[in-house]
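Shared chain: chain A. Partners: chain B in the first complex, chain C in the second.
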Partner chain A sequence: MRKNKLLGTPSWAGWLFVTPALVLFTAVVIVPIGWSFYLSLGAWNGLGKWRFTGIANYLNMLGDTVFRQALLNNIFFSLVGSAVQLVVGMAMAVSLISIARFRNVIRVAYFLPAVISSVAISQIFVQLLSADPEGFINGALKSVGLGSFAQPFLSNTGLTLLIVTLVDAYKFCAIYMAIFYSALVSLDQDVLAAAEIDGANWLQQLFLVRLPLIWATIAASVVLVVSGTLRGFDIPFVMTGGGPGTSSELVSTYMYKTLFRQSNFGYGSSLAIFLVIECLLIVVIIRKAFSATEKTG
Partner chain B sequence: MTSRLKLTTWLPVLLVAIFLVIQLFPVIWVISASLQTPEALARGPSNRLIPDTLYLGNYVRAFDTSPLLQYLLNSTIIAVLTIGLTIILAAPAAYAIEKMRFSGSRIVLNYFLLGLMIPVFVSLLPIFQSLGFFGLRNTYWAVVLPQVGFQLPVAIYLYTSFFRGIPNELLEAASIDGAGVFRTFWSVAVPLSINATITIVVYNFIFVWNEFVFANTFLTNDAIKTLPVGLNDFVSDMGRRDYGATYAAIVVSVLPTVALYLFLNRRVIDSMTAGAVRG
Partner chain C sequence: MVRSSITGKVLRGVAVGALSLAIGATGANAETYHYITAKQPNGPVLQALMDVVAEFKKTHPDFDITLEHIPDRPAYLQKIKILATSGELPELFDADAEPYYEDIVEAGLVANIGEIFDEIGITDKYIPFALDYERFDDGSLWLIPWEANVEYFYYHKDMFEAAGVDPPATIGDFMDVCTTLGESGVTPVSVAGKEGWPMYRYLSMPSWRRMGNEFLDRLKVGEISMGSEAGLEDAQFFQELGANCFQQGFASADYTTALNMFLSGQSAIYYVGTWELHSLLDENSELKDDIAYFKMPIIDENDATGPDDFYAHSGIGTAIRADAATDEMKDFLAFLADRFGDISHHTYGGLPSLKIEVTDEMPQIYKDILADMEAVGEYARVWDVKLDAATVDTLFRQSQLLGLGEITPEQFAEEIDRSIQQYVSGQ
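Up next is the complex of A and B:
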């Protein structure tokens, strides 16, 4: 590795170049993990004295019904959200490579929601789903004779989690479209032509040739989409605030409210530590799973 | 056989059409709604996609009744500071890691890449407390510094993979000609990396302009809020009273990124996917 080193550069120069970034990164990203862990081992509301309580906060999580609900919601949000983003992203990419013209214009149009802030996306959907004043979706349901389905969608505790999951997926699915599209268009045309000559129909070409060839891209996207959805926050927080009740509460929104609305710094910090460990653990597990299938397959 | 051939021709076109409608509809709807008079909006479901008139009153009221212009200015200043600082810190760091290869540089790179897996939430309270301690809450730095910290891993990752492509001979030629370490970096490596820099700037701009969590936590004064936070407050404040102005405010908040996107469309897509797919 060191053979690629530039001639005549002293080691101190390297450290000089890297230190400013290192200091800021450590201060902002790394130190807070230790700090949060420290805070998670005590009880504190920001005003009185910090009191050491050991792992009491972590034990409290076990019996906390809100936390349990938030965790279940989070699993739904991540699983359904990831599946929707990958499947829709792939469907968008595959349909795009199957048409003859306007591919670039359409790809640019597809990607629009990904450049808009999640707050704006959330507010637009809040308006579209609103019942008072009647938003577009309720109005449309009534005008096509499905008025019985019209309702204040974001007050329906049975729907809020699904809605925030889908709106979040809506904002990000075009990223996966773009990733899959560029992998698909860069495939070797000779291989595809050979498959066609061998009599493979369109579906066979897709599932037996194209998708296996971009398997590495798909695997990387799974890691990406899962770690993205595990960090979901903005859209649920803005659209429903986790409510009504705890119907769309995620661990991240619950943590945020515990920290900054209830000033329960100890318990909130233990939830933050839980999120870090969850993100690291799940990404490592997925990576392991993929490298295992690569070895056996 | 011919019917199957037909299916594979029209099915993708149909799918593309459906996806296009879904992806464009919300934005087109909000633009259209923002151009309708309050009377038209009050007449019933705001479901007409083509407004009767090009009414701009909603925009006038949105700017009049809220510090929208101030939010716009704050977002711009924060974006410029964040992007500038990210580039200034990331470019030399990546150059040192990839080209100077000092002992420990691999460890330093992996240390930075660890940051890609850390969710921002864990840093909120510690940074909130530190900003209070240093008296930086409700200043631009309150969101610039955390954002730069969390943007550094992606920027360093993109710069290192770019610098890998610059042949060492090119840089060594400069140093043989008498240029020192700094001169070589500044007058050879930096100009060569303009493409990587643009990618990182575009990626950062979209990210920073849309950032919500840090801004919502560390900025509580109206005078300093960014557009996403201001928009959120505006809607909870005015959303129940003035729908037209709400739609207008939403449009104003998305306009800068959409405008950039219309100019640099493929570049934006490439930047965002490059920033997303790392390692």
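Up next is the complex of A and C:
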């Protein structure tokens, strides 16, 4: 029997430990993806027989103007949303480690949006941004003499995507604050003390010492935030339903409508497979980019 | 030995217990029907239904209906579609006579309500348009209607008086009223542009006046274009409404927001069906002093439909799963036809799909509504029920853009035609 040279255990022992997780992962991830791929190769309304159509659904995606717009919106949502979540999350974390008093109170206040449900946050912002009846933001703009900026924000096709992106970022940036904060406070204080003795000011300590030391955490956060925003659904769906028109439609909201409103399980599944491949590709690209940075750095 | 005997007794006891539990459960479930519904739990339909069930149980103690409410319509439809896909539809569930439900019927999953009603002799007890609304184009009936709704434009009398306008008789007058109300600083109309259906009602009015249901019947099969004269008239009308009548930001307003705007006096006009009547009544079950209503305006004397023809329907109906149409269920439906109308109206103030007697004690508003229902010649069919789901999605997106002035009526028509052609060619 072959044995692990270091541990002296049989070679199948490792597989024994991995198997339960592997079975579970296969059942809840691999099988549904495989099933979706199968459905995407045909036409099916959920009733009756599935009819094989080959790659017709994927070809339809190329000519689908709603899908194209949703994809562009998704790229904007992901890029801007990720940047805001990471930058604001980092700023919040850095501000927390820079203060000594009331740190816990402020940390709880920062984290509050992350624990409120997406539907509640969406409804709060819908009310705040309302034009008729007048919401708080339009009322405030008028009361400070900026009435010319008052408008029905969620009916402005030029603003809705930006608004849902920022509200989504507002909810989730506290998650990245928590990740960055825990990484920053766990840094070796001796290293920071040495930098201070060497004459590094606060900014130099931040950019040249602290951030490089938590680079792995930042890399993992980028993967998390980008894959999260690519799958963004709840806040855009509740706030605008993807509208007006297709102005805030994302691939995920379009997929939902195709599957459950139109009962077009074939085309909806092809959109789902697209999302999976898109997420995987981008995660691979990000990981490659970070590993290249680590090597050159 | 003793130990073995005790173990044997325990095992036998457990087996007998399990068997009796299983038999008991089977017995209890044999006449218990699970009903997944999108109706409001406190609305007249479900309250009256459960009262009828309670009465029926006095003579049929094993019969029962258990309710599962999912008032959020999209969530409800999602659940029903998933259950249909996995072959686990409940015994009773709500549906419209739309293309997807037609697929469910074709798959043989539900009972033919029309045949059952004829078999037990209750068809004549229903208001004809309430039954007709639930029928497919071939005349077959696969859904139980519960309500009889007519849709009106409700308005605040004092706002109209202050602006010096009268209820409009024609669509042209309607636009003038909007303009005058707007100039007097009042939001003319509140509409729930996030919901879809309120937009489609407005959108469809000109073509329905010009051609009756013929326009929709031909549009959905691609025989007439949205870019035709009638179709473009619809689109132009809707765009004008968006510019002159609807509240700012109508595209993001939901049902409750738009209704509350009207109820709180922040808009002058609100279009809704009689299912919302309870919100508009005072403690004597009459319309509130400040509120009155008018019917869908006409265009002119060349209209295909008259002033008494407008939107009248029975709302979302209820299907019975094919294997749940038992003799017991048929007995219940016969009992329901005798009792539901009276309980729904007299106890809960509803307007049932079953014929009810007009009495002197009845509040005037109900007498007027029942008279209007009686006078309806042709009732307008509903776009979001008759068109295919993909076209309804397109209609939703494009209607918002049209109302906001982001696209032209011609662009709107082009998108709707394209979607209908895709559906027709895929059939």
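In the analysis below, the second predicted complex is superposed on the first by the 265 of 297 C-alpha atoms of A that agree within 3 Å, B and C clash if a C-alpha of one lies under 4 Å from a C-alpha of the other, contacts with A are read in each partner's own complex, and residues count from 1 in each chain.
Just so we're on the same page, contacts are C-beta pairs under 8 Å (C-beta built on N, C-alpha and C of every residue); 3 or more make two chains touch, one makes a residue touch a chain.
Since the model is a prediction, treat every value here as computed from it, not as a measurement.
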Legend entry - When both partners are placed on the shared chain, which of chain B and chain C touches more of chain A: B
Legend entry - Which superposed partner A:Leu275 touches (first chain B, second chain C, both, neither): first
Inset, instruction - Considering only the touch criterion stated at the top, classify A:Pro133 as touching first (chain B), second (chain C), both, or neither. - result: both
Inset, instruction - Once the structures are superposed on A, label A:Ser155 by its partner contacts, choosing first (chain B), second (chain C), both or neither. - result: second
Inset, instruction - Report for A:Leu230: first if it touches chain B alone, second if chain C alone, otherwise both or neither. - result: first
Legend entry - Contacts of A:Gly243 with chain B and chain C, given as first, second, both or neither: second
Inset, instruction - Could you look at A:Tyr110 and tell me whether it touches chain B, chain C, both or neither (first, second, both, neither)? - result: first
Inset, instruction - Considering only touches as defined above, state whether A:Gln189 meets chain B (first), chain C (second), both or neither. - result: neither
Inset, instruction - May I ask you to decide whether A:Arg261 touches chain B, chain C, both, or neither, giving the answer as first, second, both or neither? - result: second
Inset, instruction - Go through the superposed model and pick first if A:Ala178 touches only chain B, second if only chain C, both, or neither. - result: first
Inset, instruction - Name the residues of chain A shared by its contacts with chain B and its contacts with chain C. - result: 126, 133, 260, 265
Inset, instruction - Mind listing the chain A positions that touch chain B in their complex? - result: 1-2, 4-11, 13-18, 20-22, 24-25, 27-33, 35-36, 39, 88, 91-92, 94-96, 98-99, 104, 106-121, 123-128, 133-136, 138-140, 142-143, 170, 174-175, 178-179, 182, 201-202, 220-221, 224, 227, 230-231, 233-234, 237-238, 252, 255-256, 259-260, 265, 268-269, 272-273, 275-276, 279-280, 283
Inset, instruction - Under the touch definition given earlier, write down the residues of chain B that touch chain A in their complex. - result: 4, 8, 11-13, 15-16, 19-20, 22-24, 26-27, 29-30, 33, 41-42, 44-47, 89-90, 92-93, 95-97, 99-103, 105-106, 108, 111-112, 114-115, 117-128, 145-146, 148-150, 152-153, 156, 168, 171-172, 175, 181, 185, 206, 209-210, 212-213, 217, 227-229, 231-232, 235, 239, 243, 246-247, 250, 253-254, 257-258, 260-261, 265-266, 268-269, 272-273, 276-277
Legend entry - Of all residues in chain C, those that touch chain A in their complex: 74, 77-78, 81-82, 84-85, 100, 103-104, 106-107, 109, 187, 190, 193-194, 247-252, 257, 260-261, 264, 266, 389-390, 392-393, 396-398, 400-401, 404, 406-407
Legend entry - Touch list for chain A against partner chain C, complex: 45-48, 66, 126, 130-133, 151-155, 157, 239-246, 257, 260-265
